[in-house]
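What follows is a set of notes on a single structure, which appears directly below.
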Amino acid sequence: MTTSSGLRLPGLLPELEVVRKDFPILERVLAGGQPLVYLDSANTSQKPQVVIDAMVDHLERHNANIARAMHQLGAESTAAFEEARDKVARFLNARSRNEVIFTKNATEALNLLARTIELGPGDNVVITEMEHHSNIVSWQLACERSGAELRWFGLTDDGQLDLSNADQLVDDNTKVVAFTWVSNMLGTINPVADLAARAKAAGAVSVIDASQAAPQLVVDVQAVVCDFLVFTGHKVCGPTGIGVLWGREELLNELPPFHGGGEMIETVTMARSTYAKAPHRFEAGTPPIVEAVGLGAAVEYLGHLGLDAVHAHEQAITGYALEGLATVPGLTVLGPTDATQRGGAISFELDGVHPHDIAQVLDSRGVAVRAGHHCAKPAHARYGVQSSTRMSSYLYTTPGEIDALVEALEYTRSYFKLGS
Amino acid sequence: MTTSSGLRLPGLLPELEVVRKDFPILERVLAGGQPLVYLDSANTSQKPQVVIDAMVDHLERHNANIARAMHQLGAESTAAFEEARDKVARFLNARSRNEVIFTKNATEALNLLARTIELGPGDNVVITEMEHHSNIVSWQLACERSGAELRWFGLTDDGQLDLSNADQLVDDNTKVVAFTWVSNMLGTINPVADLAARAKAAGAVSVIDASQAAPQLVVDVQAVVCDFLVFTGHKVCGPTGIGVLWGREELLNELPPFHGGGEMIETVTMARSTYAKAPHRFEAGTPPIVEAVGLGAAVEYLGHLGLDAVHAHEQAITGYALEGLATVPGLTVLGPTDATQRGGAISFELDGVHPHDIAQVLDSRGVAVRAGHHCAKPAHARYGVQSSTRMSSYLYTTPGEIDALVEALEYTRSYFKLGS
Amino acid sequence: MTAQDLDALYQEIILDHYKNPHGKGLREEFEAEVHHVNPTCGDEVTLRVHVADGVVEDVSYAAVGCSISQASASVLYDLVVGKPVAEAMEIHEEFLALMQGKGTVEPDEEVLEDAIAFAGVAKFPARVKCALLSWMAWKDATVQAGGSND
Amino acid sequence: MTAQDLDALYQEIILDHYKNPHGKGLREEFEAEVHHVNPTCGDEVTLRVHVADGVVEDVSYAAVGCSISQASASVLYDLVVGKPVAEAMEIHEEFLALMQGKGTVEPDEEVLEDAIAFAGVAKFPARVKCALLSWMAWKDATVQAGGSND
């Protein structure tokens, strides 16, 4: 029922019903016979069959450790892993495959940078008030360790970065400017190329958190002209357990090693060791092999659909959702309300009902959303909000699912006996 | 052919042929129609169908982010993830599930400790000359950062730890004693309870690398009385992308945070944050969820077979292999030659043929072994060896496969025209 | 979860306490104050205890949170104020056992009174933390106040 | 891989060079010495170059490694010693292209002589590093010696 809406919005992915068939979980029936309406994709995306199949094929037919193994399975596994690196390099339009480092998730990628970029007293790091905790706490800890100062861009009332004091914030002592491309709470799309250029002008490195951008926008590291960029596998149709750190090759090779262990070395004696170049320098230990294979299949899948088409779909659904949400009495959207200027995560408040309670009632109707601070407490605090409810769509979301959300919100209001 | 050996060694797993059917890859036919003889399990183990199926079921039916998601899929995913923690806690006989921290691999677990245990000038860290690079380089880097001194136990000619100067090595300034339970190169099984007691007596913490022990021995952290212990998922029939750090709960809660990010916090403001207790304190970001599910299924699978039975099988195969290898002219085994005193990884040299060349010829017969330094360069250097060939069996290995190895080694000798 | 589950969770008693919480507000007489947070959702409670002669004289609190967490603070107030600390701690234990029982524990109405309405919450692991937020804060504060050393 | 693949890899020429390596040993006259390691297996080469008047006068080396890496050092010696540096660098390029061609590049016997026997190695990614170890070391050393700046 939720997928059969007669509505045909311009911009939707062609053959959306066929695309949905790629995702086995979308056929899941929940308790009480409710069909699944999954609107929590900014939290984690669902996985298409090709990704699952690529992983299963690897585990059932090609599993072996990589690099170190010289036998046939080892060669196959190594080739599959390194091919995944090639696919990610293409996905990001990286100059070289050596610029792609596989990490555990976006959080590890950010912490890798916060641990290896040299900072000291007198230096400063500039972030923003709309960052995910991963791009806040990592730098707080780095500043505590090093004595550097942490600064941040504030936010305007309408959910944008406040750049009015940018010249004072980013100064000659700035070593790092780290910011999100798309906010996971407000949906705001930031002017990343400008921010990266500002960092460069000040002699600082730019770090872009593309965790929410990579799923839905064309991410071209050469076009943005940034220094480092991270994203996480599980939000781009890939599995958990894998993330990506991209960095300019010469910068990566200037960083000291992160973890010590197998595969990151050149040679080891008990007294001292020397280290390999990027990417291996930063991939100590057995990497997430089958996860890389899954991620490779995922970005290839996105490439086949076309990121432009995915983005258009996201905008169409987001616009439709903003319209629908506006019809719910007492509902306030946090962040920009122009669908063409924002990502697909929409956080909102509903007068008189706590987000936990909203999410709970929605769940009883099969509608899956997130409630809480979405790992963005400071951005919530900025707007005087303790927690919010967030719906987030993805390439498989239908207008009918948005209808189901809006109906379920109406039901929530009546369940908690709110007048209209 | 390789699995049909008439031989019935005492100690083999009952119904070995049935057990082998659990592992789809063992039916793999390699180039030239060769059946796979997989003797590289110390590098990574193969995966039983139950592990693959558990992962697929999770991805196709229950996938959602954990902890933060309040909807039905979120609850299912969280339950599956936390159940995996319970399974691992039981596998290790941990006092509390809070003592089990999921990491990316053993390497990350060791580096987590090397980054968070406080060290300073005057302190020392004691390791051994038979460690895997992960348990060497991690501490080298920690000592470089902190000014602490790195010390190590040497090795005796017969492949054991040289404990003769233990009282001088481990002294009042020792903060950490880190050592492997089973050597991945020599196969040596170390007296871990004694070493842990020695660390305790000196007021140091003990760190056990159980990466090679967990697959084949009963690992009981309460019986060993150690402080920290790590192992890696992919060597115990689980997937890549996951490892385990176990630590005594009170010690874990004394350590500072490792990575900053989602789920490891209590509260976050732009200026400062406070942190959750273990295990969450050390699990910043989206954890390897489907990997934990796979690992949970893997340790449960091992539990059903019985670690005692797996160990007996390993000993039977290792004894048979040592006998077989002894028949090959010019072959020298590195490490203990008494099967009851060692693990299942057997490294050896063959006069006149380089390990790469051996592995290559073996591969042409379908026999998969490892050649190189096995991430244990110092142990190789100790015995004046540049690199070696390593065969490593596991619970699915048959005597027939050992026969195939020995025949292939004979063939290697004749291929390189070595006289007998 | 189904519509019936929803009704089992949001019992009338809970919604009543949510709309009209008992004992809410921070009052001046207290020996200990604590601040607890639910890290997942950011819900918070600041809670003060006033203990005299081994008796819980007052529990006062300011809380931001969902219906379950608000109602459970209100029920806590009703159940412990006026009781000897030892008895209040036993009630705490009983409520904890109910919440952690995954829906298998039968609540004792004699002891838990209105709190038996939380039996339905125990089936929702994500909400158990909400129900326990103020209870955990109360225990923490009471121990700090020296009212109990267990 | 099959038995035929094995024979394609271990050509007679390779095994001959392995058993009787040309130019092996470290000799005294040199402008640069480098030490390269194959991190995966630990194979090592110490290599010295002696360049005079733009000509590769000598390449001397001590190496520990497999048949492929040993034979390729021997073949390197044969191919570059006595050649002008520029020409030797071209041979290097040609050998590199052959090794990185995944078995699709047809080697030019005029230029590569015995080194054409390494065509089979290109099909084994794990062994390409072995074949290139001494060649990479030679290029590194020659650049350091100022013999070439490309």
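Order of writing sets the labels: A, B, C and D. Residues in every chain begin at 1.
Criterion: a contact is a pair of C-beta atoms (placed from the backbone, for glycine too) under 8 Å apart; a residue touches a chain by one contact, two chains touch by 3 or more.
In this text the structure is predicted, and so the values were computed from the model without any measurement.
Listed here as common contacts of chain A and chain C: B. If you compare B-C with B-D, the chain pair joined by more contacting C-beta pairs is B-D. Mean C-alpha position of chain B lies 45 Å from that of chain C. Averaging C-alpha coordinates per chain places the centre of chain A 32 Å away from that of chain B.
For this pair, chain C with chain D, the centres built from the Cα atoms lie 76 Å apart. Rounded to whole angstrom, the centroid-to-centroid distance between chain B and chain D, based on C-alpha atoms, equals 37 Å.
Within chain A, the positions touching two or more other chains are listed as 31, 68-70, 72, 74, 263, 265, 267, 356, 360, 363, 371-372, 377. Multi-chain contact residues of chain C (touching two or more other chains) are listed as 1, 40, 42, 124, 127.
Across the complex, chain B meets chain A through its residues 24-25, 28, 30-31, 36, 38, 40, 43-44, 46-47, 51-52, 55-56, 59-65, 68-74, 104-108, 110-111, 114-115, 129, 132-134, 136-141, 150, 152, 232, 234, 239-243, 257, 259-265, 267-273, 284-291, 356, 359-360, 362-363, 367-372, 374-375, 377-378, 381. Across the interface of their complex, chain A is touched by residues 1-6, 9-10, 15, 40-44, 64-69, 124, 127, 130 of chain C. Residues 1, 37, 39-40, 42, 124-127 of chain C are the ones touching chain B in the complex. Chain contact summary for the complex, chain A toward chain D: residues 67-70, 72, 74-75, 78-79, 263, 265-267, 276, 280.
Against chain D, in their complex, chain B makes its touches with residues 31-32, 34, 354-357, 360-361, 363-364, 371-373, 377, 380, 386-387, 415-416.
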